[in-house]
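Two complexes follow with chain A in common, the first pairing it with chain B and the second with chain C.
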Partner chain A sequence: MSTKKNIYFCTKFRIVNRQVIMQFTRALFFLAVLVLIQPVFLTASGHAEHASDSTESTQVANQEPAQEGMSMKQEIKAHIQHHLQDGHDFHLYTDTETNTHVGFPLLVILLDDGIQVFSSSRFHHGESVAESNGNFYALHHGKVYKTDAAGTFEMHDGHVHNEKPLDFSITKNVFSIMAFALILILLFTGAARSYKKSLVPSGSARFLEPLIIFVRDEIAIPNIGEKHYKRFMSYLLTVFFFIWLVNLFGLTPLGINVTNSISVTFALAVMTFVITQFSGKKEYWKHIFWMPGVPVPMKILLAPIELLGVFIKPFALLIRLYANITAGHIVLMSLIGLMFIFHSWIGSTLSFGLSVFISFIELLVAALQAYIFTMLTALYFGSAVAEHEDH
Partner chain B sequence: MEKLIEQFSVGLFFWQTILFLVLVFILKKYAWKPILDSVSEREDTIRESLESAEKAKKDLTELQSKNESLIIEAKIERDALLKEAREIKDKIVSDAKGEAKEEADKIVQAAHAAIEAQKAGAIAEMKSEMASLSISIAEKIIRKELSSDEQQKSLANELVADLKLN
Partner chain C sequence: MEIPAIVGAGLVVIGVGIGIGRIGGSAMDAIARQPEATNKIQTAMLIAAALIEGIGFAALFAV
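Let's look at the complex of A and B:
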């Protein structure tokens, strides 16, 4: 009887596996289509972006020389800069003809004279000065500065020297993070619910379970060890799926770039750092301050190096994720920009093909960076909880 | 480096930290724990059922070998029983034979004794008959030859004694 049940289990799993692969292929195909559309989409908004940028510079930054008739190269550079930046409103694209912005305003929260809360629509996409409780604020390169009623910027060597209030606004990135958190919660609680009916996964759990098991069996257990890994699973799984999802959405034409904000990767690295130090056992600290198995002078020499390493490790973690995603976006956007610079069907087609190719690589990088971040985090946790190391 | 620091936004760092921690705790409670628990529970179930299948298989082979030995034992017992039965039968037959022989012997002996007794009786009767017959014969003979009684009597006694010797 039990043997029969086993056979049933096995065949069922084989079927499930096949279905998982099919679902995965379907998901990949969907993403590929999204990526393929992206260059087309961005070219549409690319032209539009330029107009709004130039109007901004003329109307708000009135001390900057007006840059009428920006060259194509400058225009592309500005567009890439704009794409990589965080924003105070969720901006999708701008129609140049009618000078209308498509998107929606977000909440601006400033710590200046108490708390100033107002809608980012008051900035009119950086075109006007916002007034809140008698204070005036204006945007310059996506940052909020305190100004006078006319919105004057004190410029020295190309830097704005106006006072910068502490900005806790719900920016585009914060809004995106909230949306991603909601997506992750819905996705995984939905998957968790399917286990209540039976132990055999169904629905989205079929696709998500192999990934969860991958994180457990390939990342957590080999690096942390069978004994301690359970404590860190929640953090590792959340980090993995958060980074992956955010990276993937960064590749869509929505223009969301969360993991290429240094603040986000910094926050993630700080959390890894804090968890590592707080779960550090006697052995861990001993390996930092009094390395066993080496002569005393070496112990003294190694202590500062090891201590420095404690901080360098999470620093490398935050720079790696930030730099990889930012570089990917710059390369991709530049290739898309090349299409307009070439102005010939051979060159443009070539750079179109190249941008599609890079998009696929970026798909891989999206998953790879999530994997590497999670993997190294697990490795640091593992070193913190290791009880005895082999030399 | 300067550009990196310039890009750093305290607000975004703050929100990312808060939101991420909230995300970790919500997912831990409502997703990771139930999913991981179910997965490990299922893995345990699979392992257990595999083990129990293995055990059942082993039990079955054990049972089979046990059955075989039981059959062999039963065969041996049956043979022993058959042998014993044969022995008992032989014994009964031989016993019956012996008894019958004894009885027959007894009957024959009794018959012998009876014949012996009858023979002795017949001989005695015949002796006395012969004696009286010989006396009568002798009387008739002697009557003619012997005149006196005394001569006759001594002659008769002599004859009787001779007869006894026979």
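Let's look at the complex of A and C:
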């Protein structure tokens, strides 16, 4: 009897297991295809026309040097720099021969003489001057400047000295953050709803449950402790899934790289900092300013260093995430650029293979950075709420 | 003769490489000695490596 039952369970488990593995391989295959498509997209040269109104704009007087005049290396460098920057429009690719851009515009919101709101299609990818309520604006290296009708920049030793309006635009990063926030809300409310019906997870919960349990059992409980971890779980889960999702989408051909922007990682680190300081208990502050068990001259010497450490910790957090993702993107794009520099059968094939390999490494780094950010955040929270009875 | 800043950054990166290499190697030894403590060792290894990595990035961004 019992052996029969065992066999039954075994087969059932195997079927369920196979389904899970099938789903997992399908997801992996999807990701792999996305990563593989990336180099193809970068070389793609379609002939799509960019639809936009050119009635209200005039040509910028001092344009960037024509793209034909640039060498291959300079072009690749410019391309990488453009990729790392936040932009006022979603830019998928440019056909340099016909000078057409493929992408879609976003909203520009400027605080200058009241609020100026217009579509970024008026900039024509930085080639034209945009007019709004009698004011003229032009783009220079992705930043908005106030200009005259002809769009002249006052250049002094390589720097633009035009007036800069306060820019509250929905840029590429802002748009992506909103989109990802919406995706996360939908995924997690869906998962939460499925638990109201039955305790067996269904839908998105089937995929999210092991990850949530991983964050709880491997990150929150060991670092914060059984007593206090529940208060911080919502923040830790949000940070983990946000960074992971954003990093993964940074590898798709959409050209989104939210964690590439130091402002985004700065905001994340500031949140961690504020939560740590406000949940700091008596013991936490005591260990910073008047640590027990240390002679008094040493206490006076150590207190400023400890105080500095309070600020260095979140600073290291923001630099780590920003630098890792930026470095990964630069390496990946440089390897793709090498294909065009080698311009030979063997060299290009090698760098193509290498770029695919680095893409897979980046998939790992995307998850690893989310894990490390969450882990260190939990560590700081843990130190803030720790109670040292053993002193 | 002036030494360019990038040389200093290179030296820092060598130091960071040695540091992370030592952490990884020691973690390997520890896991081989106590395979049942793999999870704890990996966590500690990643935290230490991440902290050292931060110094490397600081050097690279100072250039």
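The definition used in the following text is that the second predicted complex is superposed on the first by the 339 of 391 C-alpha atoms of A that agree within 3 Å, B and C clash if a C-alpha of one lies under 4 Å from a C-alpha of the other, contacts with A are read in each partner's own complex, and residues count from 1 in each chain.
Here, contacts are C-beta pairs under 8 Å (C-beta built on N, C-alpha and C of every residue); 3 or more make two chains touch, one makes a residue touch a chain.
Remember, it's a predicted structure, so these values are computed and weren't measured experimentally.
Asks: Regarding the shared-chain residue A:378, is it in contact with chain B (first), chain C (second), both, or neither?
Replies: The answer is neither, since A:378 touches no partner chain.
Asks: So, A:234: does it touch chain B (first), chain C (second), both, or neither?
Replies: First partner only, chain B.
Asks: With the two complexes superposed on chain A, say which partner A:169 touches: chain B (first), chain C (second), both, or neither.
Replies: So A:169 only meets chain B here.
Asks: Quick check for you: in the superposed arrangement, does A:242 touch first (chain B), second (chain C), both or neither?
Replies: First partner only.
Asks: Between chain B and chain C, point out the one touching more chain A residues.
Replies: Partner with more touched residues of chain A: B.
Asks: Would you check which partner chain A:270 touches, where first means chain B only, second means chain C only, and both and neither mean what they say?
Replies: first
Asks: Can you list the chain A residues touching chain B in their complex?
Replies: 2-3, 5-6, 9, 86, 109, 166-171, 173-174, 177-178, 181, 184-185, 188-189, 191-192, 195-196, 199-200, 205, 208-209, 212-213, 216, 230, 233-235, 237-238, 242, 261-264, 266-268, 270-271
Asks: Flag every residue of chain A that touches chain C in the complex, lowest number first.
Replies: Chain A residues touching chain C: 218, 222, 316, 319-320, 323-324, 327, 368, 371-372, 375-376, 379.
Asks: Using the touch definition up top, name the residues of chain B that touch chain A in the complex.
Replies: Interface residues on the chain B side: 4, 7-17, 19-24, 26-28, 30-36, 38-39, 41-42, 45-46, 49-50, 52-53, 56-57.
Asks: Over in the complex, which chain C residues touch chain A? Could you list them?
Replies: Those in contact with chain A are residues 39, 43, 46-47, 50-51, 53-54, 57-58, 60-61.
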